[in-house]
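In the two assemblies presented below, chain A is common to both, partnered first by chain B and then by chain C.
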Partner chain A sequence: MTQHNDQQAQRKAAMAVLAQAEAGEIAARLRNFALPDHQDLRTPENGLVMLRGRAGGDGAPFNLGEATVSRAAVRLASGEVGFGYTLGRDGEKARLIALCDALVQSRDFGGAVERDVIAPLREQLMTRRTQAAAETAATKVDFYTMVRGEG
Partner chain B sequence: MYVAVKGGERAIENAHRLLAHRRRGDQSVPEVTLDQISEQLGLAVDRVMSEGSLYDRELASLAIKQARGDLIEAIFLVRAFRATMPRFGASEPVDTGAMRVQRRVSSTFKDIPGGQILGPTFDYTHRLLDPSLARGFVPEAPATTEASTALTPRVTDILGRDGLIESSPQAEDGAGVGDLTREPLNFPADRDLRLQNLARGDEGFLLAMGYSTQRGYGRNHPFAGEIRFGEVEVEFVAEDAGFAVPLGSIELTECQMVNQFKGSATEAPCFTRGYGLAFGQSERKTMSMALVDRALRARELGEEVRAPAQDEEFVMSHSDNVQATGFVEHLKLPHYVDFQSELGLLRKLRQEFADAQAPDAMKEAAE
Partner chain C sequence: MTTIAELPPGFADKVLSAQSTFRSVMDAMARPGSVQRIVPGAGTPDTMMRGTAAIALTLFDHDTPLWLDSRMAESPDLVKWLKFHTGAPVMQDSSIASFALIGDGAALPPLERFALGTSEYPDRSTTVILQVESLEAGRPFELRGPGIDGATTLQASIKPFDLFERLHLNEALFPRGIDVVLVADDAVVAIPRTTRVVSKGS
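For the complex of A and B:
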C-alpha cells in the first residue's frame, strides 16, 4: 500500500509539473528519449471541468465557473497505462502528459523520464516562480500609522 | 411577443459582411492578435472569463476580438461556446489559503503575517493619461527583492482563531453542490447557488448593488478584511486515474469582507462576513460580490430585509448580463404583429374618445 501511495505521489508530482509546461517543451524533452512502443488508449478529448471554491475560502463548496480541460490516455506495450489531464484545449499536450505518466510508472523508464523530462521542466518552472515571487516581494509595503501628538 | 418573420435574408447576409469589414477597421492598421488581447488587455479577458463563466484566456480573447470589444457580447459568445462542450466533472474546491500571492492587502490590519503586498495595481496612481503609452512604450524591468518563505494565511483565518469572526458554514454531510447551469433557480436559494450566481454576475450590476449597501440601503458596515490575487492549483478526481490529478493553475481574486458584528443570548458577539471570488484579477468585482453576498445573508442572520441588495430574488434574477441583454435587446427584433394589434386597439380607443367628445363640442359651439 505504501509503495502504491509513493508511486501515486510521484505521478501527481510529475503531472503537476507537466500541466504547467507547454506541449512543445515536453515534446522537445521527449525527442532525445528512446520511447518504447505505445498506443492511444483514449485519443485526446476536450471538455469542461466545473471549478469549485469554498464560501469564505474555507467553508462549504460552491461552483465558481467552468474551465476547458483536455484529457487523454496512453498504454505502453509493456502494459503501463498513463493518464493526461490539463487545463486548456491542447489535446497533444494531454497525450504527452499521459505518455509521461505511463513512463513514470515503468520500471525501465521511470528513472530516465524523471531525470531527462520532469526534473528539467520542474527546474524551469521553479525559476519562473522564483522570479515572479521576487517581483511580487519588491512591492511589499509597510504602512506607518502616524502617531498623534501629545495633548 | 416576438413572432418569426420571413424575408430579409439578403439584407442580413450583407449586414454581417459589413460588420466583418467594420470589425477589421482600417486595413492599413495592423490586425490585433489574440496574444495581444490576452497580454495587453488582460483585465478585459479576466472579466469575460468570469462572467462568461469559462476559464480559457484564448477563447475569451477570441470572443473580445469577434465582439469588437463589446464585453457583454463577448461574454454571450463564451457562454454559447461552453454549451457545446461535454463536462468531465467538478474540480476539488481550490485552496485560496495556499495561493501563490501576487497581491494581497488588508484594510483592517497593517501588520499581517506575510505582509501587505501591492503587486500590479492601479491603486495610488494619479489617474492622469500617460502620453508615453501613445507612442510605443518599453517598460522598465520590474524591481526584485528576495521573497520571504513566510506563509500568507487568510486574514479571516487569523481573526477566526480568536473567535472574533464567525466561522464559515461547512457543508452538511452528503449535501450536493447546487449548480444553476443544471437546475432551474428556486427561491429561497442557498448560499452555494447565490455565490455561483454572483460569481458570474455582471460587474456593473454588482458594483451598483454593493454601492447601494454603503449608501444605506441595507447597510452592513464593511471592512475589506483582505483582498488577494494570485495563482492556485486545480485538482480533479479523475475516475480513470483513480486519484486527484493536477490540472495546472489558474489566477483568482478573493475578497473577504469583515462586517458588523452580531451576537445573541447564546452566542458571543463576533464579526460577520461576506465573500467574493472571481477568475483573474477582478478586484472591483470581488469586492462588490462580497458586499452583496453579505447583504443577501440578511435572512440567515435575522436582519430585516428592506433594501434591494438584501432581496435575493431581485438580485439573483437581474445579475446575469446575458439574460438581461437577451431580454432588453430582443425589443429590437420585429414585433410587427404585436404592434399592429396594439395600434388597432389604440385607434379604436381614440375613435371612442373622439365620439365621446363630439357631442360636448357641438354643445359648446351652440352656446
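For the complex of A and C:
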C-alpha cells in the first residue's frame, strides 16, 4: 500500500512538472530515449472543464468559466497505462505527458525518465519561477510609518 | 481482479472512424435487411464483436443509458472498456435504456421490458443491438417496409429463433416500438420498427 502511495505521489509530482512544460521540450528530451512499444489507448481529444471559483476564503463556490483541456491515454507493451491532461488544445502534449506517465510507472524506465526528462524540466521550471519571483521582489517597496508626534 | 492495463484501445482515428461507422449504421437503417460493413477497427473486449465495439464507440456517451444482458454484464473487462471509452451509464432497469447490448440472443428478455418510447417522443425507445452468429447464411427471411423496394431477403442465423415473431409488437405499437441492429463480426443489418417480415422459408 505504501509503495502504491509512493508511486501515486511520484506520478503526481511528474504531472505537476510536465503540465507546465512545453510540448517541444518534452519531445526533445524523449527523443534521446529508446522508447518501448506503445499504443494510444485513447487518442488525444479536447474538451472543456468547468472551473469553480470562490470569492475570498469562505465565499460560496461559483462557476467561474470553462477552460479547454486536452487528454490522452497511452499503454506500453508491458501493460502500464499512463494518462495525460493539460490545459489548452495541444493534443500532442497530452499524448507525451501520458507517455511519460506510463514510463514513470514502468520498472525498467521509471528511473531513467525521472532522471533524464522530469528532473531537468523541473529544474527549468524552478529556475523560471525563482527568476520571476526575484524580478518581482526587486520592485518591492517597504512602506513604514514614521512615528508622528509633537515630542 | 483485472487492471486497466488489459483494456483494448478505442478507435485509432476517432473522428473519421466514428463518421464511417455512423454512415454504415445509417445506411443499414435506411435500407433494412441490407448487409452493411463496418470498416474501422477498434479493440474488442472479451465477447464483444468488432461491429458492436465500433457502434458502441460511435453512438454511446454519458447521455445514453445502457442495458447489458447477463452475457455482457458478467465480463468485468467489457464493462470497464465501455466505461472507459464511452462513459455511458449501465442501468439495471432495461425500461429506461437507450441501447441494449445483447450477447446471448437465446436469453433475450421480452421486448416489452425495454423502453418503447411515448406517443409524444417515439424516439425515446431502446435500440437493441443483438450479436448473432451469421448474416450471410442461415434461414431466409423476407422483409418488406419503408426503405425496401418491394421485398428483400435476409439470410441469417439468429437467436432467438422467434425474433421476428416477437417484433410483431411493433405493428400494434407504431409509432412507438423497438429498433433492432443485428451484428455479426463486422456485418450489420438493421431492422427498424417499420420493417415487417412477410414470409420466411425454412
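General remarks:
Following the convention adopted for this analysis, the second predicted complex is superposed on the first by the 142 of 151 C-alpha atoms of A that agree within 3 Å, B and C clash if a C-alpha of one lies under 4 Å from a C-alpha of the other, contacts with A are read in each partner's own complex, and residues count from 1 in each chain.
Here is the rule we use: contacts are C-beta pairs under 8 Å (C-beta built on N, C-alpha and C of every residue); 3 or more make two chains touch, one makes a residue touch a chain.
Keep in mind the model is a prediction, meaning the values are calculated, not measured.
After superposition onto chain A, partners chain B and chain C are found to sit side by side with no clash. Once the two complexes are overlaid on the shared chain, A:Gly53 sits against chain B while remaining clear of chain C.
By the touch criterion defined above, A:Glu80 reaches chain C but does not reach chain B. Touch criterion met: A:Asp40 reaches chain C, while chain B stays clear of it. When the two structures are aligned on the shared chain, A:Ala19 is found in touch with chain B, with no touch to chain C. In the superposition on chain A, A:Ala133 contacts chain B only, with no contact to chain C.
In the superposition on chain A, the chain among chain B and chain C reaching more residues of chain A is B. Following the chain A superposition, chain B and chain C show a smallest Cα-Cα distance of 7 angstrom. Put simply, chain A uses residues 42 to touch chain B in one complex and chain C in the other.
Listing the residues of chain A that touch chain B in their complex gives 8, 11-12, 15-16, 19-20, 42, 46-69, 71, 73, 83, 85-89, 101, 129-143, 145.
Here chain A touches chain C in the complex through residues 39-43, 45, 75, 79-81, going by the rule given at the top. Contact residues of chain B toward chain A in the complex are 49-50, 53-56, 58-59, 82, 85-94, 96-97, 100-103, 110, 115-120, 142-148, 154, 156-157, 167-171, 175, 177-181, 191-193, 195-196, 199-200, 233-234, 236, 238, 240-241, 243-250, 252, 254, 256, 273, 275, 277-279. Of all the residues in chain C, the ones that touch chain A in their complex are 3-7, 9-14, 84-85.
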